[in-house]
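Presented below are the structures under discussion, each in the form of structure tokens.
Next come two complexes built around chain A: one with chain B, the other with chain C.
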Partner chain A sequence: MRDGPEQITLRQWDQRYQQLQKAGIDQPSYGGPLSRHIEDGDTRLLKLRYDNSAAALRLWNFLLTEEDRLHEARDRGKKIVGTMKDLGTVPVMAYSLDNVVAFYPDGAWWIPCVMELNAGLLSIADSLGIDESFCPVRAMLGAFVTGAHFPIPELLICSVGATCDDFSAIAQRLNSLGYPMLWWEIPHRRAPEPGEESVKLPGGFSAPRCQVEFVKSELQRVRKALEEFAGQCLSDEKLSAGIKKANQVRRLLAQLRRLVFTAGLCPMPALEMLIAEMLAIHFCSDRDETITVVKELLDEGKKRIKAGTGLLGADAARIFWVNPVADLQVMNLLEDCGGRICGTEYMFTHALDAIPQDLPPMDALARMALADPMVGSSADRASRICAEIRRFDAEAVVISRIPGASHCVLEGQIIGEIVQAEFDVPVLEIEVPSLTDSIAQALRTRLEALVETVRERRKR
Partner chain B sequence: MTTLCDQMRRGFDVLIRRCNVPSFLMNVPSTWQNLVAQNLYADELKRLGRFLVRLGGESPTLDSLAEVMLEYEAARQAIRASRAYLSARQYAEAIAALGQEGPSLGGKIENRKSKIEIAPRVPLAIIGGPLMRPDFDIYDVVEQSGGRIVLDATETGERGMCGPFDRRRVREDPLAELANAYFGGIRDASRRPNSELYGWLAHELAARAVRGIIFRRYVWCDTWHAELQQMKESTELPVLDIDVAGDAETERQRWQNRIRAFLETLK
Partner chain C sequence: MDIGPEPHVKRVAKYLACGFTAGSRFQVVAKGLTDQGVAQDRLTSELFDRLLKDSKIRKKDVRKIVATGYGRNAVSIADTTITEITCHAVGVRRLVPNAMTIIDIGGEDSKLIRLDKSGKVRDFAMNDRCAAGTGRFLEVVARRLGVELPRLGEMAAHTRNPAAISSMCVVFAETEIIGLLTAGTPAEDIIAGVQAAIAARVMSMIGRKADLPIVFTGGVAMITGMDRALESALGQEVTVAPDPQMTGALGAAILACNQVA
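The block that comes next holds the complex of A and B.
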């Protein structure tokens, strides 16, 4: 087995694991061979290809042991809050309390993929009237009903308003099944009108001051609920410390993204980068460990660049990817087809931007919540995508639709039009279900055609 | 347009890219249990007012706003009072006309004094999103099949009419009362939580002795689609799910036949 960067299968990881162990790899408490997760039913892992670094091993083990971590936290007396939909804001508040752990039950949308539908979560959602016309996040309903995938949180906090209809409807269905919910309103972000005070948001969008104030008042309700839940005061000082810590994660991820997306030779594959970015939203239930995991990935990337090594070949087509994929295997597929990820917009860029530390904390958090790319117009979202395409010099864009997701019906077209008008780069819109096996060939053909187009255009 | 669903928000995005007609996207909150949500709604009404003024409209005095509100209130009361005298289609048309033509319609409704003669029919409710004018045929089909819509809980029906105004508050602060009656008085599936809708339905379904529900939804409307199962569970009434996507004749045939079959089972 090679020591240099390589993408390997789960079975190959067993050998690689032995090799690393012999070399004296430092393992965290949740460490171990990746193949053991198959016993939990995560059979999709057998079909993925992984980066072969110790940093990637730690990342995957961290991700795949989250459920255990949540149970352990509860056993240690910590309180568990389920934060829903806002993707990044409320966990910053929750983790500012020392006896609360927050996670997104929304993450259950990947269970049908990871367990290859064997968990039966979608069938449960069907039986509750939430069929395949809804986004795969409907798997969350099944996860609550079975109680087999995460400890049921004592408190659920869900953002609604300018959120996707699927999620709002599914969360309401959950509520109707007897799970109490604290709803908070996130309004549709709009541009300030003449005469209105404008506030700059993290990431570059603007909003009228009155919207920031409104969101702040909503987050105050959330703050009060968290205080009652935790039985302790969530002071400005605690919030500021929480923001500082969250920014530590965000800064590391920003460095990692810049390093990977701009390197001549790709130092870290798309799949690991997707997982790493996801850590920003609720720190995979352990904020300090998230910092360590991302640091290791960053160090590995730097090491590879310094050594002039990497993956995928120097001529890989530089692809900007919009929306997360319901089937993780598609990230591998893009690379098989000759592409590499150079820029992403996985619907939570606001969880990657630094939260202002020079403002009162609630003001800063309100600005962050309003910076969510999904709560504004599609044109806003496209403008941010354009800025990132420019920054990372992407040569093509893939807009990956989520089946059944209400926002995907129209926004892809608008984003595609705006991107093409600005850059004249090819844009491909695909739909990625939880398992792509039956359409893998068609997807491959389309992605190969995109890569070919990029390479042809280089000859111009 | 409003922000009540993703489809409308994204539809607005398309609209402003495709045409130059001045457009306004009104933020309608989903939450309702806190005063701040209603205040946001009231602020949006003011913003809408400023938008209309920019287009050449004139800002009304508080007195003139109150007058218009009371005219509408009278028209709504007249329509509600006439329900027993109108067929379901006429009732729906009266509500639609109020929206399109304004409160001058009220007098026309008041002229009806005798209850319509109807043979014994199965009392039904129709529940769901908005109906377009051509969709009003559904009321006729129900009647021809031996039923009668006694509760029109579509968005364009009775459910979409705002709550009654408090006359004293109309005089004191008309805009606040306007916000209160519309934001606080319309029970919709998009509300979080949606408990108001079910509370209202439970009361109305019982009061009108409804025996079955026609649940009419658009295939792309997740908000209503997700209510279907809860509707069945909470009302414990037979529910006919009709999903529509457009105005194709085949689709019409399908729902006509299904309504006939539904009513046969209820007779």
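The block that comes next holds the complex of A and C.
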């Protein structure tokens, strides 16, 4: 193992951990060797490769101890809210209450990958009539039935309306199993019509005032439910403080993305960047710790750039990646094939934008919810992707389809056409199931071909 | 530095093309096929040795070996690997210098490759998850009809009314074929229907229009009538590449030469 930046295996991390300990690494309470997580059944970790920095160690330990953290929060008397489908707005409200912890049960879609199907969550979903023709989010059903992963939330808040059909079906099934849900409606964002007042949303879209007011009224219902749940008032002052804190996370992530995606030599691998971005959604159940984790990653990235060190070759193809992957191994694979991530659209880009702080908080949150690229047209989403491609100077685009996920079927084609019309860069669509072991060669061929194409085009 | 031609050999899991450059001229000196199997590396080595022997090329004269195809990483004697996307583009452009779109349909997968005016790959799409757009569908039909695969084309030429195959899945389509046979549908109509179904699956990769000329490669291109089925589906002219099974290998040989030059 060398001293500089490197991607190492889980077993190599044991050795690295000892090195860091000898060097006097400052560890949080949830720290420790990564290999201990295998005992929880997270056997996929054995096949991944990790960044070797102390910052990455903290990130991974933070992610992999979330379930423990949620259980501990409950033991300490905190109430737990499951915020579903809505990616990044309702958690901001929930975390504005000091006795509430919110998390995103849909995130259970990664459990089948991380546990290499050993937990049987997808089988449980099959038995409930939600089979493999549905999105891997169906693993959430299994997690609720077994109760073996996250603590079952006392309150479930779920957005519906302009949400994907798969998710709606899965959530309705969960509801039918006896889990009460507060449904709130998010309309399909549309452009203002002539004569309608237009409201600018964070991230660049616009919507008519009537839609903002509607979403605000829906979020007022959510606010009231949270107040009753927490037994305390969720005042505008508390909401403003919550927004300010959320924006701290968002600003740090924005800095991290800009730093990593624009660096000459890639200072932070794709896998760690994916995990880091995911923290924006619900702060991995600890808002303050998220800030520390992201700051450390940022500092590590800056240190590496200053030292002129990086993880991948200087000729790595700059790839913009659309949609998160069910199998985390694919992030390693992209880099093995000579690519690096320079730009992402993981379906929650609005959760990376700053929430306006110069507006009344409920207005700001309503605009934020409506700014979600997934609640508007695919063309809208593509326009945002194009802006980021330009910003990060990407040379190719990968659109990763999620098997069974209804929003993906035509979206990839629409996004691909719009991107190609604007930039004439190669666009590759791939499908990534929860475990890609059997199709690894097929995926490798595609990604290698994409990198070859990029490198040939550079010779023009 | 060396005087005279230097042979550059490229090998694929199944095919081998051997080329040399004399100055800037590339020439194929040997090519061959072998059946694919589990022991990819051994099969490839045997083919390599056979071709060297037949063309009287010495192993030590081989400067570079580039492997392509799905089995490329299993070829132990390869110096480097390049994906079949890039290799097909180079090989087809060698044979059809103004080609702009390549449709490659093999036994296990199908590919669409779009080229720019200079012949570089602009974009590509692949299908290797569904047998309905591959030669595997024709193999199933041949087996069900009890005929050899190469005969399918000549049989389909006699069709008067191609059967409509509605299943998107080859497994279910086979059931449909059994039903058609039982109902007395002529074999030629069934084969023509399957050809049309394959062409329709490939259409989903191509989109509404492909840049001309469109060149058809891969083993399925050797089945008579498949080019017409594609033309009918696309509404555009399709040209079968000369030696369509070898375009990937040819491209790899050229790229091997380029790497050494």
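Operating definition for what follows: the second predicted complex is superposed on the first by the 460 of 460 C-alpha atoms of A that agree within 3 Å, B and C clash if a C-alpha of one lies under 4 Å from a C-alpha of the other, contacts with A are read in each partner's own complex, and residues count from 1 in each chain.
What we mean here is this: a residue touches a chain if its C-beta (ideal position, glycine included) is under 8 Å from a C-beta of that chain, and two chains touch if they have at least 3 such contacts.
Since the structure is predicted, the reported quantities are computational estimates derived from the model, not experimental observations.
Aligning the two structures on chain A places chain B and chain C next to each other without any clash.
In the superposed pair of complexes, A:S217 makes contact with chain B only, with no contact to chain C. In the superposed pair of complexes, A:S377 makes contact with chain B only, with no contact to chain C. With both structures placed on the common chain, the touch criterion links A:P192 to neither chain B nor chain C.
Of the two partner chains placed by superposition, only chain C is touched by A:Q420; chain B is not. Computed from Cα centres after superposition, the angle at chain A between chain B and chain C reads 80 degrees (steps of 10).
When the two complexes are overlaid on their common chain A, residue A:G120 makes contact with neither chain B nor chain C. When the two structures are aligned on the shared chain, A:L410 is found in touch with chain B, with no touch to chain C.
Residue contacts after overlaying the shared chain place A:I130 against chain B, while chain C stays out of touching range. Look at A:G161: by the touch rule set out above, it reaches chain B but stays clear of chain C. Put chain B and chain C next to each other and count what each touches on chain A; the higher total goes to B.
Nowhere in the superposition do the C-alpha atoms of chain B and chain C come closer than 5 Å. Those residues of chain A lying in contact with chain C across their complex are 420, 424, 426-429, 431, 439, 441-442, 445-446, 448-449, 452-453, 456-457, 459-460. Against chain A, in their complex, chain C makes its touches with residues 70, 73, 82-86, 118, 120-126, 128-129.
The part of chain A that touches chain B in the complex is made up of residues 128-130, 133-134, 158, 160-166, 168-173, 175-176, 181, 183-185, 187-188, 190, 193, 210, 214, 217-218, 221, 377-379, 404, 406-407, 409-411, 413-414, 417. Residues of chain B that touch chain A in their complex: 3, 5-7, 9-14, 17, 25, 27, 29-31, 33-34, 36-37, 40, 43, 47, 50, 190, 192-194, 219-223, 225-230, 232.
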